[in-house]
Each structure stands twice: as structure tokens, then as C-alpha cells.
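As C-alpha cells, the structure follows; a few thoughts come after it.
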């Protein structure tokens, strides 16, 4: 049952990811990715990470992709127009490489994870999904990371400010 | 001060020019005259400081003298280890003599960037002296490469019309050889470490190593190639005509006078003692290339119509003879080879200087632009003639003694035919050098532009006359020089022989 | 039982999404779409992390993903700012046409 | 002997003269230069005779005077030491004397030559330098020191031939002289190497002692050694095939031709052979070769001399021819006779050249025989001395040449093997010699003057400084031969032979010279040679002096090919040009343009170019398109995955 | 489970004091900019002070690990920290006159530089993959912005875009690699990678290769190098001076750490061969293409690609001695390359235009000091003895030869020869070509002068007295954590 849900959600995510890639219209792309991310959120729930699934919906689908959409609108970028300059090398080599890569990667992943079910040693799934435990870890073992990310966010903030600020600002 | 002069004489000699260069850096760029005079003064001071090396050199003592040894990179056993034997003594003095001579000549002829020129020259002198006294492989390599940089600038900035090509070629050629040597040096030290558990790059240590045949051959060739390019030996000689031709006169003097010798010197000092077996196994190749150099250089010199190129190819030919002497490896041929290095430095230095005298006045080196100018510039002619005679080995001047001892020494070695083939240089050198003299100084007066040529100036004359005096001195009293060479050569042969016995016993 | 999802399913899904992301990044010309593809690649990594975390019974996977989402947000803000800044010069974000700097 | 002048002073005197004149001569003027130059020559002559007179009157014992060590390296130790023995004494005697006379002559000659102060100083400086080198050559006690002199005289020859450096042919001739000599020197050098390898020394005393003591041990090596040495001699003494420089060397001032290219330097080869007689006698096949070369050269050069129109050229070929005689003598083992001819030849040939110089001055530097004629009246002293020398060279008794030449012919007649043939060729050459010598005498001094008016007006006898040496040498041409009268004139008639004999002492185990030939044979030979010489002389006189050259002109017209060939000196110079000079230049150019420029530099430049080209192409991989960058990145990853993981 | 919710010891605080100093300095600059813009001339000083304080704490931190084994304060990190700090100092020194000339003297530049530096610092000191990743991203984000800092200049914005897109692409691989390693080892700490048999796990191999390409990208190792020339060209030069040195060193250190944790018994052959291939490709491509460059910064970018090829030899050789050699190499590279960029920064008048090498013609006369130092840096990069570059190559090739990597060493020196071609070409233009620009350049600013002098002194000091740096590097490398014997 769970597997079915997971697989269905994963397939959906892949499907819309594919749409995102294939679509020439960036807006459609973004929207496809939103759907894909929602499906991914379902997957996250199925792998015992409801908190992350929430973040996924709120931060990713809700904030980040909206930001994308916003920028798309701002820049008024239209559909990708064929520019009359086919780039066969990029396309052919790229596709070929992706296939080889996918083959190798999926082969490896299948082999390495096929026999292992999630939560084999009978840990409590509820315990796994509890945000409080996450919070504890975040402020103990991962305290430094947490602080470091704050610097990262600060840098990103300042950076975005530098780049997007009006020209006449000092 | 006395102690300084006594215990650190070599260090002083090596680094006085560098100190001078550092001092020059403090000068404003506009102080050209001061820079010129200071550079000359420094080089003369260095000459003065180097003279005690000659007088205090113990004639009978084997091994190195004026030794100094300081740890440099102690973890790897790299040391500032210097010392001289007869061979390096002579080359050191040749360097300290030729540098002031070259600078003296430059006094009147270098106009742009005098300060930079002086700095380059002084650093070059330190580089040359350093490689001559270094007894540690890394130290040697450092000095060896450091020389390239100032020479590159000297050719590239103050050179002739094709200076860029020439300086680049010079640099790349020389570098190509020495990079392999660099790897070989590392390899040797690593082997030494593997064998003894200690790190050392000191010559006295690493000469105790023995290698298996194949390895030794490879290492030998790595070293030999570096030195062969510097000499230069056919077929890696083609940088030389370009570099010599395009370099400013003073640069050519130093290039021909000292730099080329470093190739042979390196071979004697490092390649032979380190790889005696390979060196003797491939002696045939050394000799063959030497013989080819003699004949080929002479022939091609004959075909040139640029004065400097003639002299440049004559260097190929003369150094070929030196290489033959080295390859023959008899005491006599080796002594002759060392002596001939000095001789070639003096005679070719003088030739380049005098070509420079003409070039600075007429701004052409084409043979056809001259002709019959002996009447206009008699003193230059006379000096050029003497230098020519020295170069073609006229008895009574220095060249002959070297040539004769090399050839006789080679004749006495198992390679008699080398001597026969190399002795043709006697005929060939006469052909191309006398053709040069005839076409430049003799023949009917061809070009009215030469009517206003002025004869040699006092500063140029002093520079040239110094060399002529030395030529005569060595020609008449070669023993003064040979006495100093002998112990060094004998030590070298003994060490090689000892190594061979050790090899055989193994 | 929730444990009935085999890890391989999770990993395969993640791998496939990653590959799709790579394909998008390589084949799209619009900078924003390329960036979207890269976001997808990061999400694929997230899925793998969560899957591994669940399989190993540790919270670390979730912690990592937490940070990654933060990083992704930061990256998005900077990236989009860059697009905007560039768009002012070029009037396009088609990377085929952005080649002032080359050779 | 204690108070005697050391031998080293002899070369030192002219060396000092050279240094003074070279450094100061230009500034101090001609009279100073002549004083120093001639003074040095005079002084050295006096000094030489101060040693020679006691030597001649004494025991003739060899004296070796070491001065200093010159080169010491490994097993080689070369002393500067000088040797006075009969051979060097003989050379010393005439070299200094003749040189002095020619120095004197040169004062007048060079004044007449309108030399500049610088040129004048240069000339005398070179002459002194030559004297220094020649004396070193003669007095040296070792091969190497001899070589110093040997090269030194070569240098002076080069400098003096090229004295008129602004004339291309003179400059070229100087170079040619030096280069051809160097070819010989190459042989000399190898010979020395061989000697050192075999004997471990280059000192005469040691080498000759060892060779004489153990002939059998050294004999095999000596063939090659002697051959090499002989090549050296060939170069210096202008033997076929290395003779080509000597005719050209006439481009130098005439005193130079007289001194260097007739009297002294060119005989150095003969001197060397005589010096090394011990070695050569142990190499009989080389001796034969020497004889054949000498003999051939004598004839060959003689024939060329017949058809030359240039006075000095004729004399030059005659010199070559006479040198051939000398080698013939050496080749047949008559070293003493050869040296005897060296001496007499020095006298009469110097006289001839100086006479020619006198004529040349009178003719305003014109040397073409066709422009001369009838000078006998206007230049009596020149004529008579020239005549005396001509008779001497032609072998007319009792002039000097007769005795020496006759001795050579006699020696070759006696020689085993090819002896008779050599004798016959020598005899024919003697006839030729007489013919061409009298031809030039006739053309120059007899008949009508054929030059221009100005020349005719200008013709005059030379000044005293020039005629004095002429007279002295003319007299010597008469009497010098009397030192070596043949055995038929009495037991002790031959002074010079016994004097030199110790030098040519027989080697133990080797047969000494054969029995003296019967007097009758000797008389007969003399008669034949005199007859041949006289007929040559007469023929020339009739053809050129009486008939004004009609017959030879007719002959020349009848056989144009033959005449042309001879007149063009058998076109040997042209042959050498085609065989050696041009191929040499071609090879030089080809090596440069093909090997250096095309192959070596071409290869290197191509390598550098290819690397740069690769860079030029590869830089376009950097398309500026960021998608391509991502693709290369990704392709790199995939390749790594395939390589690293694909194998696991 | 501890009583307090937040675990935080004094040692922890001390150990991150260097980063805090950087953070504070950056914030201070921003605050000054916001509230006292008149004091903008002091930005650089504040930044330098921040770096100085940070280095002070760095040097004085007790050796060991903190944050439960997630943070490294060993001599190795001190060494690397000093190296990074030096790069930061040079970049800041150059920035001041550069920004002044460009009229963009803004506090954000310094703040971002400092925070980017902070990120690099985290990369080198983190013993936890996720911390390393955060550091990497901090660095990246800061430098994406710095690349596009000159918004008025199209090239700068384009550089920002290219760096961003490729950088994010690379980061995604890094992240996936981390995920795979996490899955295989069960944790994100490096010490958890030390586990027998882990090296044979295909997932680990994938993870390592992903990390390799991710960090190889930061090192601009071919074929992950393509961004570098474009980005260097468009980015403000002082930032390039930092970016072309510090993150590369950090990336190599991370790779060293991860690989030596996983492969306790030495690199497997395939990995070694793959790395060697990268090294060779990088050297060769970098050098050959550099020959064809006309722009000074692009040329230096390719030179940097080649230099990374050389230094990757150390990774191939593997082991602590090789790491020591790499550290020395990086020190040499720091003074030479940062010096070269400092010289480029000082020698060009118009900051916002391209930097064609040809424009440097005659610089030897116009700006003798900068040109001389530039030439010295180039000779050092070329590895001429008596310069730092030679010492770097010396130890590197020694390490290679010691372990028998003869072919690699040979290819290395052959490449050196090629590289001389373009280094000398620049020197030739500096000194031997007649100037196109006759106008005298502005007088060299004090800060530029100082930066150049420091680099020159560094080059000569390392070049002539290498024993100190070698000793320290060896000592530092000995503390490489988790490495096998």
C-alpha cells in the first residue's frame, strides 16, 4: 500500500519533472515543477519525513518556485524560440551522456538498495517523524551547521541586495 | 674582514654582483651614468676579489678548495655547498674577467634602460659564478636556471631585430634540457635516500651511488642532454646562432665566453662522476657528436654572411673540439678541453667584441657591407686579426695549446679517428675565419659608408686589449693554467676509475 | 506497513529525477529553466537523503535536507538576482545568446 | 762556449724588432722603422755568425740549449730548447744572411713602392716576425717548437702575400697560401701525434735516438708518420698537389717572394725531411713516394714555367720545380745533397727574385714579359746579377746550381729501383729549366723594348740599397756551389757533405749509401747534364733573343690545345675549384640551409607551431555558451564513471 | 542527552572564533556603509583587521577537534587557514585601490569577500560533509555575487550568470555525492567513512566521483574547468585573486581528506588512473590553450587550470608527504598567482573593460615595479628556480618520483616547457614590445604596492629559503585526520 502510494507519487514527480524539462514555456515549466514538488512532498511523507514534506511544500513549492514565477513575469520571458541554430553536438552528446549516466546511476542504485527495506530494525516510525528530535539535533550536533547556514543566508541576502538594488543607490 | 675574505671568499665572489644588483635597484631609473659606472665598478671589484682564488689556490692539493658548506634545506640534505678545483677556478676567473670586459664595452653602447641592463648583467654574473662553484645538485640547478632569466632579458630587450625569436628560442631550448636534468637530480636523491636512509643532494654523497645499467643510461642522458644543449652539440645547437647574433655585443661575449662552457663544465663536474659507466659506454656518441660539431660548425660558418653568425658557428665548431677532448677522456685531452674552454672564451669573446665595435658604428653585420676597412680602422683590424689567429689555433697564442693537447690526447685514447677527423678543424677554421677577415677588413674598399668609420675607442680598446694580453699569456705560458687543471683532471679520472672498479666488483 | 517500501524504489526515483534534472540542465536554453532543472537535481538528492535516513533509522538525513532546503532558497534568491541583473544588459536569459566572454 | 751568445737570443732579436715596429712603427716614421727592421736583421746575422764561426771551426758537435718548459700536461712535456747542429747551422748561415740582404733590399724597394708609413712599418714588422719564426723553425729542438716556427712562417707568408690587402687577388692569395699550408699542417700534426704515440716524446734527440736504436720496433708506425710529415712538407714546400698557392703568392711584394717564397720558408719542408731523415730512412716506401712526387713536381712545374708571361710567375714555377729537385734528392736518400741544393737555390733564386723586383720597379710594376726587352743596357747591374743567377739555376758550371743539381742527378742515377727514370726526368727538367730561364732572360734583357713610352722613359737602374744585395747574391750564385764539389775534384773537395754527414749517420742494421760511383760515370753524367742545360739555354736564346719569339709563337699556334693547357697551368686551379672549392661552398650552404634551417629548426618550429595551433583550435572549445561548459563537465563525469566504476 | 538544549563549550567557541571574527567584520563594514558612508575609506582596514583577528584566533586555537568531532583545529587547518588568510589579505589589499578606481567602493564587496572566505574556512575545517557543503555554498554564493558585482558591466553580469549556473550544477553533483556517501556510511561525519570495505562499495565510488567533480570544479580542473576563463575575465580582479587561489586549495584539501578517509590502504588503481588522467588533461589543456590567449586574465585562468593539473599529481601520489608537497605547492601558487592578479589589477587603468595582454606593452617602463613583480610571478608560475614556483614543483615532483610516478613527472615537466611559452610571452610584452599606450599610468597605490611587495617577498622567501615552509607543511600534513598509515 505504502509502496504503491510512494511509487505513484514518485512517478507523478518524474512525469512532471519530464514536463518541466520538455516544456518550451518557462511558466509551464515552473508550474510543472510545482506539481512535481508536491508529488515529491508526498514521497517525503512516505519515507517518514513529514516535517521535510511540509518544508518542501512551504518553502520550495510555495516560496522558491513562486519567486521563479515572479521573476519570469518580471522579465517577461516568453517561450523559448528556436533560434535557427541547431546545436546537434550539445543535444546529441548531451542526451547520449544522460542516458549512459542514468543507466550507470540507476544500475548502481538498484543494486545497492534493492534488498533493504526502510526501517528494518523496527524503529518507531513516529519517533522518526517527530520534529522535536530534529530540533534537538539541530541545536546540538548540528549547531555549527545551523550557525553556518545563517551566515550563508546573510551572504545570500546581501548578495541579492547588491545585485538587485536600484542603480542610483550608493 | 680578513676572516671573511679567507673563509668566505667564494661566497663573496659569487654574491658581490648580486649585491651590486640589489644596490642598483635602489638607484633612480634616470641615474643611467651612475648605474653604468656602479655596475662596472662592482664587476671590477668582483674581479679583484676573485684574484686571490688564483694566488691562494694550492696547486698540489687534490679535491675542492675554498670549501664552504651550510645547511640550506636540512630536511632534504640540500646544502649551500661550494668549492672549486682547477677547472672551476679557471672558469670562475674567466667569468670575472669577461664580465667587466663586456660591461666596459657596453659603457658606450647601451643607451636604453641602462639600469636594468646593469642589473641583468650582474645577476647573470652571480648565476654563472654560482653554477661554477656549486657542489650540491640543487644549488647547481638553481644557479644554472637563474642564469637564463637575465640572459633572456639581455637578448630580448637589448638585442637585434629578431631578438624576440632568439630569446624565446634560447630560453625554451635551454629549459627543455634542464627540466629532464631536474627530474634526474630528484631521482638521484631519492635513490640515495632509499639506499642510505639519508637525504642528500651533495655531490660528494651522491657520487657514491651506483645505478643499474639502464637507469644509469637514462639518467646520464637526462644530464647529458641539458649540458649538450648548453654547449651546444649538434644537432641541438640551432639556438646558438640566433641567440649570439641577436644578443647585444656584451651579451654575445658572455654567452660565448662563459655560458657555453657551463655545458662542458656540467658534464665534467656532474655527468661524468655520477654516471661513469654510461659516460664511458656512450663516449663514442660524445666523440661522434663532437667531431660532427667540429666539421659541421666550420662548414656552416663558412656559408654565413653575417659576421656574428660566422663567429657563432665557429663556436659550435670549437666547442665540438672540446667535446671531443672530453669524450676521449685521457688526462691530456681533458686538460686540453678545459684549457680550450678558457681559450675559446677569450678568443670568441674578443671576436664578438670587435664585431660589436664595427656593428655599433655601422649598424650592420653583413659581410658585404664591409670590405677593405683595414686602412680605416687599423687598430681594430690588428686586434681582430690576433683574435682570429687565436681562434684558428696559431702557435704562440692560446688556442694552439688547447687544440694540440686535445687532439694529441684524443689520438692517444682508443679513439684515434676522432683526432683525425677533428683535426680537420685546423684547416676548416682557417678557411672560414680568414674568409671573414678577407671580406671584412681586406679586399678593395667597397662601401663609401665605411669611410667615416672611427677606430676603436679607448674603453673598447682596453676591453679588447685585456683579452689579447691574456691570449698571449696563455699561449706563451700555458703551464700557469695547465698546472691548475692537472690535479682536477686527475682527480676526476681517478674517481671515475674508482667507480668503475667498484662497479666491476659488484 | 510503512517499511514495505524498499529502499531501491526511493533511490531509483531519486536517481531518475536526478537524471531528468541533468537532462534539463543540459538541454534547455533558458537560464531559468536550467536553474529549475538544477533545483530538481537537488530535490533528487534530498529524496535519496531522506530514503537513506529512513533506511538507516537516523534523523541525519532529514537534518541534511533541512539545510539543503535553506541553501536552495538562498541560492534561488542569488541566482534570480543574477538573472535580473544580467537581463538588464542583454534583454534575454537565453544562454545561447549570452556569450560575450569566450575563447 | 761559456761566453757564447745563447741560441734563444737569435729568434728573440727579430721578435723584439717586430714588437717595436708593430707598436711604434706607424708613429715614428720610415727611417726609424728601417733602422729597427734592418738593424734587427743585421744584428741577428752578426749574432748568428758569432755562434756559427766557432761552430764551423770547431767539432761540429750538436748543442742543445734548453730555455724553459713550455707545455707540461700528462705525459707531454715540451721544452723550449734550441739545437745547433750541422743541419741547423747550415740553415742558420744562409737564412740570416740572405734575410739580412733582403731586408736591405727592401728599404729601397719599399721606398720605391710609395708605401705609407703604416704600410712600411707593417712590412718590416712582418719581415722581422718572419725571421723570428724561421729561426725558431730552424733552431727548434722539438717537433712542436718547429711547428711553432712552421706555422709562424706560414702566418707571415699569409700576411705578406696579403700585404696589398686592398687588392682582392692579393688578399685571396694570402688566404689561399694559408689554407693550403694548413692542409699540409694537418698532415704535420697527425705526424706529430703519431710520433708522440710511438716514441712518447717530441724531442728530436729522443725520437731519433729511439728510432735509430730500435728500427725494427718503430718501422711499421713510421710509414704512416712519415707520410703525414711529408704531407706537411708538401704544403710548405709547394709540391704537387699542394703547390697551387705558391704562384699566387707572388702577389706579395717582391722582397717577400725572394725571402719567403724562394729562399727560406718554402725550403722548410726539405729541411724537415732532412731533419727527420732517420725516420724517413726507416720508411723506404715513403722515400720512394717523396722521390716520385719531387721528381714529378720538378718536371710538371718546369713545363708550366715555359709558357708563362709573368716574370715572377715563371720564377715561382721554377721555384716549385727546384723544390721538386730537392725532394727528389731527399727521396733517393741524398739528404745532404738536397740541403746543398737548398742552400745554393737560396742564393740564386733570391738573386733572381730581387732582380725581378728591380725590373718590376723599372717597368712601373709591370711584370709582363711581352712588354719588356732590351733592358740589359739600362740596367746593367741587374742584368749581370740576373744572368749569373740564371746560369746558376740552369746548371752551367761553375755556377752554384751546377754542383748541387748535378749531385742530385747523380744521386738519383745511383738510386736503386726507379733511380734511372728519376734521373732521366730530372735531366729533362734541367733542360727545361735552362730553356725557360733563358727565355725570360732573353725576353727581358735582349731584343727591343716592347713596353709603352712612359715605361721606356721610366726604366732605370735600381738604387744602391737594391743593387748591393743583388751583387752579393750574384757573386754567391757563382761561388756557393764550390762548397760541395763532386768527388771527382778530389777527396776533400766536398766540404758540405762531410759537414752534414753526422746528421745523416747511417742507422745500424740499415745499409749505408752504396759504393761511390766510378769517376768515369760521374764525369759522363756531368757532361750529359751540362749538354742538356746548354742546349736548352741555346735554344731559348735563339728562339727568343735572336728570332724574337717567332718559332715558339708558330709552335703555339700549331698546337693550340697543348699550348693553351700549359699556359693555363694545366687548369689545375680550375680543377681544384670544381673538385674542392665549389663543393665545399655548396656543402656549407646546403648544410646550413637544409640541415640547420630546414630540418632542425624546421622540426622545432613545427613542433612549437603545432602546439600553438592546438591551442588556437582548442580555445574555440571555450564557446562562451555555458551549456557547453556544463556538457563538458558532465561528459568528464560520465567518462570518469565509466572508467572507474564501470570496471568495478 | 544533556541537560541543556544547546551544547556549546568554551572550546567550541574558541574554535569558531576565527569565523566569528570574519562574520563580525563583514557586518561591521555593512553597518558602517549604512550609517557612516563617509568612513568608506576604512572598509579595507576593517576587513584586514577582521582577517587579522581571525588569524590570531586561528593560530591560538587549541589543536584537536571540536563540535563533537565535526570541526578541525589541527595544525593542518592552521596551516591552511594561514594560507587562506594570506589570500584574503592580498585580495583585500588589492581591492581597495581597485574599487576606488572603478568607482565602486562599496562595503558589500568586502563583506562578501570576508564571508566567502568564511565559507572556504568552513570547507577546510569541517569534518562533516554537510558542513563542508555549507561552506562550499557560502563561498559560492558570495562569489557568484562578486562575479556579477559590476552590474553596470555586461561582462561582469555574464560572469555572474555563468559562474552561478555551472556552480549550481556542480553543487548538485556534490550534494548527490554526499547523499550517496551518507547512505553508504550512515553518517555525514568524515570519520564514519573510515570503515573497512567501504571503498569497494559502488555507491561510495559514485559518491566519491561526484565529490571529485564537484570539488574539481572548484579547483577548475579540466574538464570541469570551462567556467574559469570566462568568470575570471568578467569578475573584478581582486575577487579573482582570491577565487583563483583559496577555494582551489580548500577543495584539494577536502578531496585529500575524503579520499584518505575512505581509502586507508591507498588509492585503488582505477581511481589513481582516473585522477592521473585528470591531472594530465588539466596540465596539457591548460597550458596549450593558454598559449592562444590574448587576455591577461583568461591567460592566467588557463595557467591556473594547468597549475591545478600539476597539483593533482599530489592526489595521485596520495599520502601525507604528497599532501605536504601539495601544501607547499599551494603556498607557492598563492604568492605567484595572487601576485599576478594583483599586478593585473594594478596595471590596467580601466577596470570595467577587457584586459588584453597587448595593452601591457611597455609596462616595464611605465610601471616598473608592478611589471617587475608581474614578471617575477610569471617566472615563479613557470617554475624557474629561486622562486617559490620552483620549490612547489620540486616537492611535488619529488613526491611523484619517490612513489614511482615517472610518466606523470615527465609529462609534468614537458608541460612546464610549454607553459614557459606563454609566461614568457607576457614577459616579452611587458618589457620588449613598444608601448601602444603612451599615457603614464596612475601612480601605484600604496595598497597595491604593499600587496605586490608581499607577493614578491613571498616568492623569493619561499624560493630561496624553502626549508621553513616545507617543515611546517610536513608537520601540518602529519595531522591529516583519518588517513591511513
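Letters A, B, C, D and E mark the chains as written, and numbering starts fresh at 1 in each.
The definition used in the following text is that a contact is a pair of C-beta atoms (placed from the backbone, for glycine too) under 8 Å apart; a residue touches a chain by one contact, two chains touch by 3 or more.
Computed from a prediction, not measured in an experiment: that's the story for all the values here.
Shared contact partners of chain A and chain C, listed by label: D, E. Here D-E and B-D were compared by C-beta pairs in contact; the pair with more is B-D.
Using CA-based centroids throughout, the chain positioned farthest away from chain B is A.
Among the remaining chains, A is positioned farthest from chain D, on the basis of C-alpha centroids.
Averaged Cα coordinates give chain B a centre that lies 43 Å from the centre of chain E. Put simply, the C-alpha centre of chain A and that of chain D have 103 angstrom between them. The geometric centre of chain A is 70 Å away from that of chain B, both derived from CA atoms. One simple way to say how far apart two chains are is to compare their mean CA positions; for chain C and chain E this gives 26 Å.
Multi-chain contact residues of chain A (touching two or more other chains): 87, 90, 94, 97-98, 101, 104-105, 108-109, 112-113, 142, 145, 149, 152, 155-156, 159-160, 162-163. Those residues of chain E in touch with two or more other chains are numbered 130, 134, 137, 141, 144-145, 148, 151, 160-162, 165, 169, 173, 183, 202, 206, 229-230, 421. With touch defined as above, residues shared between interfaces to two or more other chains in chain C number as follows: 11, 14, 18, 21-22, 25-26, 29, 34-35, 46, 51, 53, 55, 60-61, 63, 67, 71, 74-75, 78, 81-83, 85, 93, 95-96, 98, 100-102. Because contacts link the chains in a way that matches no line, ring, star or complete pattern, their graph is best described as other.
Pairwise chain contacts in this structure: A-C, A-D, A-E, B-D, B-E, C-D, C-E, D-E. Chain C contributes residues 1-24, 26-30, 32-33, 35-37, 39-40, 43, 46-47, 50-51, 53-55, 57, 59-63, 65-67, 69-78, 80-85, 87, 92-94, 96-97 to its touches with chain A in the complex. Considering their complex, residues 625, 627-628, 631, 634-635, 637-638, 641-642, 645-646 of chain D touch chain A. Looking at the complex, you find that chain D touches chain B at residues 22, 26, 69-76, 118, 144, 147-148, 151-152, 155, 158, 162, 165-168, 171-172, 174-175, 178-179, 182-183, 185-186, 189-190, 192-194, 196-197, 584-585, 587-589, 591-593, 595-596, 600-601, 604, 608. Across the interface of their complex, chain E is touched by residues 11, 14, 18, 21, 25, 31, 34-35, 38, 41-42, 44-46, 48-49, 51-53, 55-56, 58, 60-61, 63-64, 67-68, 71, 74-75, 78-79, 81-83, 85-86, 88-90, 93, 95, 98, 100-102 of chain C.
Those residues of chain A lying in contact with chain E across their complex are 104-105, 108-109, 111-113, 136, 139-145, 147-149, 151-152, 154-156, 158-163, 167, 170.
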